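Chain IDs A, B, C and D follow the sequence of writing; residue 1 opens each chain.
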């Protein structure tokens, strides 16, 4: 059986790609404050969930909530405390085994698909574990001298970003868990009023010999490096995401029935898995084109004005073909966003906790043209997730497995409605296997880019 | 993929085989009292388990604890209340779907392997459901006139036996759930002191043209009927179960490495699944013949004086071949136990709640010769689970699927350490697929039975 | 993956069950004559098949024609020549490995599902192998003294019966191979005219304490022994097999759509594998109840007057339930056939080589009442394939694996249109897994047998 | 089950990617001559194979020899004859179904993994089919007027290249078929003398803003278009392929045991499939580092001086990591080869039909520096098989599925020892899934390419 496309490695990888030391100025006080903020937010996200909710793994891609809560804690215990705390001893020996995600060098690991079999420690026990590690990290930060603290700060900062990635995953995962329940449980929030798509606009970009990748200054993961040149023909990008309304047209036009629109691998999945619509859409009685959508705020009629979400790369690509357009490359996306003045906006999402869901396109920021860049859906690109030219894995334990997930996955850019505040940026390279649908993914169309032509 | 040997159907079948109206005298008062007793015992068994413990399904054979608690409640709601309670309305519509086990006529069912995905209703919600149904059943019994109560009594009595079967399964299932946890959790109880096997004795039985099957008078399931004649050559049975000590000899003698001892299907499983010992034995480091056993009271060294448990039919058969003996037929077992004066002992187990585990052989009851008949391990026979001659499915909803599990399974007789008090009898036909190991099964050897010979 | 129901072991087992030395008088001349006859018939059956036809394995149950031709030759080489021929050397070392079917003691085996990957030796090479062994066996028989020849005769006679079983399998297997080809190739023969079922009659049998099993005198396999007593209530058997016409009524009445008719394991297969009719029936366009049937003489409309064939045990059982009847036990079948005066008819089939297919019921033999006993379809019984009481595996190499296939299979009695002449008898116990459909199986109904009643 | 990495689509795709009309001058005479040459070479390659050899499909990736022979014929019948031959009728209706590979628009297709079940038409029948189509194509070419012939010529030329691709695949496939046979059959040829690797040299390339893609003039597939600019940092390439000798060092150094060398998906395959060496290496007895290799000329000790072959992308990548190098991108490969003066060498292989196997590195062509560019092993690159910027699928039937295989595969460049004469060129983009090992693949290392640096 092929394992090439299991997203197993992706999930943790997202947070573990070694960081690039930035220019953010940290001291014990600001570190402690940020630590409390990030760690507290995890618990806030978990708080609507019962012990039963926090235990279940509804498919191998998904991890239980309490596993997420424990794993991010294990990260701090392993990479911050273990080598720095005087007289270190693990909170519980077996946790070392249970909550390691993929670090083979740290020791044997508990099989990922079996995470849902672990009834103990329970949700409450995980709370104890978190509290214990929080106390110890706090004491460590308070007592280290400046030189040692400075040495440790990048790892702690990485821990923040790691935990944020798991916050996003925690929400994607519990969304799937709850989707399997015929009682249609609500996590939180309420639906928006029905709205219609507005007109899409197109943003022209000149291209040429451009640079992409992180500039340094502030945090990045190592897969955003090194900054390097690439050549872009003139192209243009849609100024907003594809909407549910447009997707309904695609469905009505036989989008899921026409082999000619699909990549061959995608078409096989359409047939094998019976795809007829985005992942969380279902048609009660399958009769009359009425579609309901499972969301974190319950099951509701599909709202045509919202961005389509939970589509695979194959669906995104087939839609683009149907629309006579294409997906952007990651370089096109990044360059356009930077040109559009939205490069440095380390914006957050989840601010809109009314819905935990993508929202209709609102006007672009002042001076910008592109809408819905960060806060709605991770955007599929047509770029494989491969190392940048000259990519080098950092030395040391954390960097041990740099880049080991760079095969059989596609890059996504932007951010989504479940991305924690302060986590997204223009150079961020997210990635999922082509077939993934449970992640909060969407589609922005591109056009042009043809050698010897200018964008229409 | 073959489904012939999945034990899915077995579990519920155990309780759903329609009953034979017996001579037990019930009135509203005794029914109410027994109802409280049986229902309360289920909750008592679940009480050591956390919400997380009660949620997990560690393999398709296993059901979550809270599912057992809800399903047996659904049984009373569906078969007792729905057709008799004035103005009946279900407690919750979706429970009708979630907690039906296999009654296709009652409506669509939630897929068995997905029972562990249901986080809601939670363990606490199930308690509410149980309380609601208990109240309503109590009111119904208190208000029905005598004629209608008599008409309903067999169904209520069937509900008692159904719930008892799920009590046994609940314990077998949670044993498996906890076995997957590296923290080695304890359900309850403590180990016995190490002891050695005593000598096995052999009980001679004359046989001839004998009768087997339930005589009527008291409760039975329909698969124990009709009582009928069968011919037995003279044979003999071991007076106790095979012990761990004897099994250790089998292992040491290459029992799991010699193809000549095994049925072909069994040998394939030995190789494919890497069987080296009974299901819950494991050898730390695999080095030196030291075996530990997972039990409901934790993980402890294998105790040689206790009956071997959690072996498949194939292992039981291979052991018998190795020992130069064979397994008894179900007719031999039943006839011998009746002849031995233990036919009518509607004994219970679980009385010994110190260990939740089989115990060493103690002396036979006064006037009897066979030991360990009911309270330690379900005993594999060499009889396929087929209908008795003249077997007829009862009419009506409950009898709809009579006998539908009568293929690809073997009969087991007796009872086990997890069987609730008052549940076992000589004519009881339990059954599992040949390969099942998670049930509390053991081995009693037989000999003789050769045409034209007398037993040695 | 479960292996319990794979018919892998069955195929060879059919021929390898050690024999019971009979009273047949053999000498060098009659042995040589019979050897030529049996061996020649194999080649005759293979002669319409191209090298390509003889190479393919269309599913794991099926073996390639050239493998059958080589394997039965290997049997003589291994069990007759190897221990008796002076200066024995194998024809080709690797053949030892390639053409062993399941004898683990003889050495490692080539994986059964990979038999279709072996392009060499080709069909022509296998002919050379056969000729070589034939010559050597002939020389051995001609040169052994009487004492040694008498000692070897039972093994040679077993080789005859072994080869006959593979003749039957060769035809069942090539039927499946050709069924996968859209060109609808013909093996041989031509269809009969369309005919209608005649009336079924019922034969009453008194039963009581009867004996079944082989009496000795003539050849039998060891699974037919020992002869022993069993108790039968009065019963009756249909005097002919169920017809295609009756099966069409079953289909039209929703036979494959009503869960209540089926054993649970069978119903799961109906749904999983989409069963809608017997194995080789298909409905072009699936529209209007027109059914075609693949046969060895090509694809033709289903003929209502012929016995239904290629149904699984589950289908046979569901049909009997639908008809308000049941399947016979193997004891009922054998006792009735013996009582009917057809016990000793060592009849053959394949005599009717016009069709290589079951034929309409013709009148019973003079003085008998049961029709279609041996020459049309192997008849499913409701008896599991288990050892007879007192069954003992013979000593020695051939008996090494006696009875190792006695689990998860059902007994079939009689014979079929592909059974070679002289191969069937009343005590013969054939067996297949419940789900098998590619074998030439059919259905005879039974009734009565209820304790305390007489047959209607 | 994922289908993303099945090479099913690859095999045909190789030949079906629509062509770019070139400047080659064809007339009826030269077309006829080339047709005879290409078609005859297919039969020449098949001639050492028996009907049995030509029938077997040893895994889903593999097609039977006679299927290849028929499929390439079907291509001419479908795309050349069907729309141009007066009064066209197919040679055999069912062949339309059997020998279509993936053209969904042409009609339903026979399932790829079942190609090995088709015993008829046999190898000889396929010869008839080929002869019939050859005659008809010849007549058509001879009778068309110049305008119509010119219109048809590109399709005929595409048929040549299509057939050549299947010639290569035919050899790769039969190599796998024969590998499964314990008799170790030889296809043809004889081994070279043992030799040692010579020193590897490194070729520096300046890079910059370069162009890649086909220039027009002569044949190309559409995936080589459009020619476009890309930016390359200075880099260097090894002047020869990695050798068996170097791979033996990798194995001896624990190359298949060190997770840190592998991409995560690759490491999972190493464990799941037990990879310990290249695909066709095996170690008899697994004892002492002696490795044998299955080749088309039989099974022989691994020759250290030959290029390593039959390694997956994951193995190539792990080896490069172990060596402190990396794989080239496809742009780096193409640019370097063109710069090296080997761009226009439409060279062939298979010229060396002594071995049907890669050979030791010989000196580079005069004026060139890179060795083993075309004639030994297809070279893995680190580039995903994606459309070039501005790629457009041609209109019409043949172009229907342009680019539909552009996911989950990696580009390989060059050619191999089984590539037919005249088939390779610098811009040719071959592709296989990351895990493929049965294709004749090898490794050329790259270095440098780091932004802001020059190649070492």
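The working rule: a contact is a pair of C-beta atoms (placed from the backbone, for glycine too) under 8 Å apart; a residue touches a chain by one contact, two chains touch by 3 or more.
A quick note: this is a predicted structure, and the numbers were derived from the prediction, not measured.
Undergrad: Tell me which chains count as touching both chain A and chain B.
TA: Touching chain A as well as chain B, we find no chain at all.
Undergrad: So which chains are sitting against chain B and chain C at once?
TA: The common neighbours do not exist; no chain touches both.
Undergrad: Among the chains, which one keeps its Cα centre farthest from the Cα centre of chain C?
TA: A
Undergrad: Can you check whether chain C and chain D touch via the same residue numbers (shared by over half) or via different ones?
TA: Same residues, largely: of all residue numbers at this interface, over half are found in both copies.
Undergrad: How big is the gap, in whole Å, between where the Cα atoms of chain A centre and where those of chain C centre?
TA: 60
Undergrad: Mind checking the centre-to-centre distance between chain C and chain D? Centres are C-alpha means, answer in whole Å.
TA: Averaging C-alpha atoms per chain gives centres 47 Å apart.
Undergrad: Using CA atom averages as chain centres, what separation in Å is found between chain A and chain D?
TA: That pair's centroid distance is 37 Å.
Undergrad: By residue number and range, which residues of chain C touch two or more other chains?
TA: In chain C, no residue touches at least two other chains, as defined above.
Undergrad: Which residues, counting only chain C, touch chain D once they are in their complex?
TA: Listed in rising order, the residues of chain C that touch chain D are 50-56, 58, 66, 94, 97-98, 110, 114, 116-123, 177-178, 180-183, 185.
Undergrad: Quick check on the complex: what are the chain A residues that touch chain D?
TA: 1-6, 9, 102, 104-105, 209, 226-231, 233, 259-260, 262-269, 272, 313-314, 382-384, 386-387, 389-390, 400-401, 403-408, 433-435, 449-453
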